[in-house]
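For reference, the structure is listed below as structure tokens.
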Amino acid sequence: APAQPEAPAASEKLRVAVIMPSAINDLAFSQSMYQSLVEMQAELGGPDKMELVYSENMFVVDDAAAAIRDYASQGYDIVIAHGSQYGSSLREIAPDFPTTAFAHGTTAATFVDEGITNVFAYEAASNEGGYVNGVMAALLSQSNVIGVVGPIETGDAKLYIDGFVAGAKATKPDLTVNVNYTGSFSDVALAAEAANTHVSAGADVMVGTAQMVVGAIGVAKEKNVLWLGTQASQTSLAPEIVVANQIYDWKVVLRDIFKLMGEGTYGGKAYIVTLANKGLYMEFNPAFDLPADVKAKADETIQGIINGTIKP
Amino acid sequence: MITDFFSATVLIGILASGIRLATPYLYASIGETFGQRSGVLNLGVEGQMLMGAFTAFYITLRTGNVWLGLLAAIGVGALMGLAMAFVSIHLRAVQGISGIGFYLFGLGMSDLLFQKLMGEVKTVSGFGAIEIPFLSSLPVVGEIFFRQNLLVYLAFLLVPVAWFVLNKTTLGLKIRAVGENPQAADTLGVSVAGIRYLTVTMGGVFSAIGGASLSIANLNVFQQNMTSGLGFIAVALVYFGGWKPFGVLFGALLFSMVNSLQLWMQILNVPIPSDFAVMMPYVLTIIVLVLTVGRVRGPSALTKPFIREG
Amino acid sequence: MSDVQSISFERQRIEHLELKNITKRFPGVLANAHVDFDVRAGEVHALLGENGAGKSTLMKILYGLYHPDEGEIFINGSPVRIASPNDAINLGIGMIHQHFMLVDSLTVAENIALGLPSSRGLLTDLDVVSARTEMLAKKYGLLVDPGAYIWQLAVGQRQRVEILKALYRGADLLILDEPTAVLTPQEVDEFMETIRQMTEEKHSIIFISHKLHEVIAISQRVTVLRNGRRVDSCPTAGCTKHDLARMMVGQEIVMPKLTTPPKRGEVRLELKNVHAQSDRETPALRGVDLQIFSGEIVGLAGVSGNGQAELAQVVTGLRPATQGQVLIEGRDMTGKLPGEIIRCGLAYIPEERMRDGMVQDFNISENIILRDHNKDPYAKRGFLLHRVIAEFTDRLIDLFHIKTPSRETPARNLSGGNIQKVVLARELSRQPRIIVAAQPSRGLDIGATEYVHNSLLEQREKGAAILLISEDLDEILALSDRVAVVYEGRIMGILDNKDAERERVGLLMAGVHPD
Amino acid sequence: MKNFLAKINNSKYFDGFMPVLAALSALAIGAVMLLFLGVNPLVAYRAMWVGAFGSSNALAETIVKAVPLLLIGLGICISFRAKVINIGGEGQMIIGALAATAFGLYVPEMPGWLVIAMAMVAGFFGGAFWGAIPGFLKAYFNVNEILSTVMMNAIAVQLMNFFLRGPMIDPNQAELLSKIPQTARLPEAYHLARWLPTRLHAGVIIAVVLAFVVYLLLFHTTLGYRIRAVGFNPDASRYGGIRVRRQVVIALLLSGAFAGLAGAIQIYGLNYRMITDGSPTGFTGSAGFNGIVTALFGGLHPLGAIPASFFFGALLVGANSMQRISQVPSAFVIALNGLVVIFVVSSALWQEARQRKRRIAEVRDDSPPPSEPDQATQDVSV
């Protein structure tokens, strides 16, 4: 269990603002952060102890920039820019508010090298959970064909998918992993058709990342194909076929940041959430009857990654 | 690798998913065709689809009855259509902008309702696949054509029906006349406003059904902005089809099949970047139109409000 | 109006229709001021007036297209409310509009069936409509193919469709707003016959025309409007053209005529074996040879649809010649762009002025520079010189007596005759070396017609080579030094003014060589 | 008093308030929705007002938002006047930005002002190129521009994604785990001047100056004359010696060019690097569509587009501020924008009807005919 975090100033309320590129309930990237923040709020003792405000669907970069500046000037203690595309704006705004903390993900850039000291950076080693999912997928697949539905071929999505492919191939080298990208984060219908394509091509296990995969999960459910999720829990959509989800739990990062803030440090540290630091964890669907040997292999892989014996 | 393309699996896959992808376009584009043939450009299709998709989904979720969901979508589509009709016919608003207004309204409203009434992404059991007895067991064609859900069949049925209504009925005659020369139709006692109200409202209904075909038949989920630009493509397809139902059918199928083709190309490791694969349906639609260029002329009165100033 | 007569299909026949004290205002215009008008069964009542006098407005009120600001309408003594064309149709009123009210992309039968209940309920019954149309057509001598698309028809045929539309709906009262403006003399004769037949069957007819001889020939009564007011009404019997003209414009009008012999100079325009296709992609010109000299007017006579329109378009570069040559002052201009031909000093008064000659949404100044907008003195280095343009426009408004509130008025707000004058002013002020004038007086009142004719003669004096295309034989004979007759895309013959007798020209127009 | 009110009501100066009245009505409906959402409308609208106008920074943000709207609106003024419905502003903006960014990143070092100037030109040409394609297809292949521009938007987004994650990716990112699809940052020297501490940048000057240029172009040059003539009546234009198809291409090309310039200015004035989130509107912020609305609100008049873009900039910025301060869902804000657009565009009729009514009321029974009646014939003697 995590240690009690130290609130910045015991009496004062911590004021947190977050800017997210999609909706707080997208079952994916934005939801992962929102959820972590809500849990942090509970952990710190509710709205009286931590105020939380958010701007969702801020996919327009310069709108986000305006929001970041506005929150900062309203005196929020920390402004979290939860989207890699916001980096440029942060770099510009942060120097104007030296006593406000900023956090930015997913990226590794804190701009410390540029003399900016109040930006935290965080990213997720999503390839780790991807690798674990890949191992399970390979073992679960009877047809030895696996389908992957991606949005655009970059960033977190690509990282996850690369990890997944590596895990699958390491387990069964002759396995076929079919990947297609829909070119969109929102086209649910195309994601569904991408899934259909995988099924036609013989896939009996599928994965995917980003918010449009709800379409693909629907197909998986209908065609009774197994699904492995990432970013947030997707089990509720199809309890019959979701095997497990890699969950991003940003609380690890948030706790440390809040602690440092209490100590008067407003940035300069970069975090990577991993299986080892529990910022990533695998959530197994209890309703899914996962064969024991697969579960064992998964646990073994997780351990291996944590130990460093397996490089995803 | 190239030969893989000609395997039965791939061909069947392309055709079957092409047909599914084409379904929402067909509803929205045929509805839009009626509106445009009578002289009204509705750029708000996307908004109507989203509202239809949400309503159908939510009512189905609440009642467990897809038919009620569909009916509710029809109702909401009719309301959105009526509003569009009122604004463009009675208030004579510039149709291009008012359409964008309805798009924004539908985009925001469907999401707002989604957040307030549901809060999270859920699933329903929508219209299931209906296997047409005997036909569905035919090899190849069985899977492509005869194992789809009800709304897919209806979409394809809509095409000949629309053709028939436009070309063989007195209503169709009025619609065509009103879109070409409303003054002339008016002098013969045809109610230009009445016809346009009808077609634009109908367009709203069909767009909403198109949305419902996603949320309670094909995908069985609702997510904000789930149509993601589909409504605008649907409007473009009306132009592609030269304002004719069968032309629209051709356009919708072409666009959708190429879209599923590109998904296959990615799977079969055709060495082009995924972005270029995704581009293909858009590029090909334009190219086909260039190659098959005809002197199709749109309805002469398209976007022109009718005024009898006196 | 509490005792409004209810509209039903079993209505009574219109024996007597009266418009009383009708007033109608448009922005900036009093179109009708306390106008009284009436018509009886079996009678033709002609409505006369200059362009913009308010004739069409009055008739549109009767047909339910406009709502009067004041006044009432009575049928057989009881007041009626006509709120829409539908009401008018149900009361037995039919109207042939000044501009065709036909849907080009539909067939004749579809145009006729439009808005009528079908014998097959929801489905169209075009075969039934076609059959009935053919019967009606035979009865009134208005032959036309019910299956043809409107865009395929010549104007004369379109006019027949308009009449058939009204007859098909069983109109007791027919409003004919300038129905003859676009008809050939032969077609006018046939049309008059149709009207007579209808009055014999006790139809009431309101007839609007700028051609006084038609009014005299067909009507029993005449009412004259001027500036929206009724000037006078009187029986036609005993009236002469001069009387009517005086009533209309307040003074006598004498139509100008050629009086001097041509001062012929060099060949300005020459066509050598020109071939061209029509819009319907059928051969329209099949080897036209024609020369026009400086200082002369050559009239091109012919029944409409024999290639006149295409000839004008080929000369002006708006239609490609498929074969042959067009020479302007000796230079081969075949296939050149319209812009290049404009620069040769060619003026063109197009037949479809509303469509081709004018940008309706441009104001008068902007229309004045349509053909020379990028030339000195209107523009320098790509910039328009608005002051120069304005001064020039004002001069032309003055010179050509264009009735308009200002030079900033959009062309669409001008009356038909004044639109015409703007085109004329523009074309004639360009100091043209060649003028192609297609149907220059169509739709104009007599005053304006006189003015156009005088202008053409003046240009002839100045040495322009003029090709006058007209379906009005009187106009051709009055103004042409030589008359060329076109038939099926060929020149049937060219007659000198002195040899150009009506009969000879008529025979040539019918494709018959007199000798 | 009553008389006075009637006088105001009939005054033509009141016409201009009709759109404002309409926008207020939309906000009133929005207020009802807010009550349902459990948000105090007064608080929300105050946040909106403050967010758009409340401080010099707010005002600056409003103007910053208005700049691309104005530029794209100017292009729309040109193309719509030629009756060419350019829905491709989104794609043209993207291609313009790509061209301008590539220019700044890959040309050898040069004085800042020169790079900026040339990058603007690159953006202009990039957009022009992307606009010219549908223009050409329309003029010579009869491909409807609504169709082609919608398709070209989608193509541009994919091209952007391809370049930003591939050939043009920030060399630093290429080595990182996250591989954000973004270009390297442009050097300081290449940034457009800013009025610090706000984000207001010199792009606004470019845009306003260009509004006057487009005004001159449309109404004082022969090119503008031709474009307008073709839009009103292609038949008459041909008759007037105008090469109709060429004007169609030019109109779309210019329209695209302004969108491309808008893209370039967003990069050099605001973002300093190009980033994609993969979505169609992440970079453009829907300016390609909103620019159409802006131009039409401005009556397709370049100078009318200036206040119209300011109004929309304020609406968008204010709405975001409302979301932040009163925590209404962003969805509400989008729906509200839709309502405002619908209401304002519908108000044009009232404005026209008022004008018409006034002009009809001016007509008296004894008013003289438009000009002296018999003049035409009086002077002509035969």
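Think of it as A, B, C and D in the order they're written, each chain with its own count starting at 1.
To be clear about the criterion, a residue touches a chain if its C-beta (ideal position, glycine included) is under 8 Å from a C-beta of that chain, and two chains touch if they have at least 3 such contacts.
All values reported here derive from a predicted model rather than from experimental measurement.
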| item | value |
| --- | --- |
| Most remote chain, CA-based centroid, reference being subunit C | A |
| Centre-of-Cα separation between subunit D and subunit A, whole angstrom | 37 |
| Rounded Å distance, subunit C centre to subunit D centre (Cα mean) | 44 |
| Separation of subunit B from subunit D, taking each centre as the mean of its C-alpha atoms, in whole Å | 28 |
| Subunit B: positions in contact with at least two other chains | 111, 115, 224, 229, 273, 275, 278-279 |
| Overlap residues in subunit C, where contacts from two or more other chains coincide | none |
| Residues within subunit A bordering two or more other chains | 23, 57, 152-153, 183-184, 186 |
| Complete list of chain pairs which touch one another | A-B, A-D, B-C, B-D, C-D |
| Parts of subunit D lying in touch with subunit C, wherever the complex brings them together | 216, 219-223, 225-226, 228-229, 232-233, 235-243, 355-356, 359-360, 362-365, 367, 369-371, 373-380, 382 |
| For the subunit B and subunit A complex, residues of the former touching the latter | 9-10, 12-13, 16-17, 20-21, 24, 111, 115, 119-123, 214, 218-221, 223-230, 259-260, 263-264, 266-267, 273-275, 277-279 |
| Residues of subunit A defined as touching subunit B within the complex | 23, 25-27, 57, 147, 152-153, 178-184, 186-190, 192-194, 196-198, 200-202, 211-212, 214-215, 217-218, 221-222, 236-238 |
| Subunit D - residues contacting subunit B, complex | 33, 37, 85, 87, 137, 141-144, 146-148, 150-152, 154-155, 158-159, 161-162, 166, 280, 289, 292-293, 296-297, 329-342, 345-346, 348-349 |
| Sites on subunit C touched by subunit B in the complex | 24, 60-61, 63, 65-67, 84-86, 89-90, 95, 97, 100-106, 110-111, 113-118, 122-124, 165 |
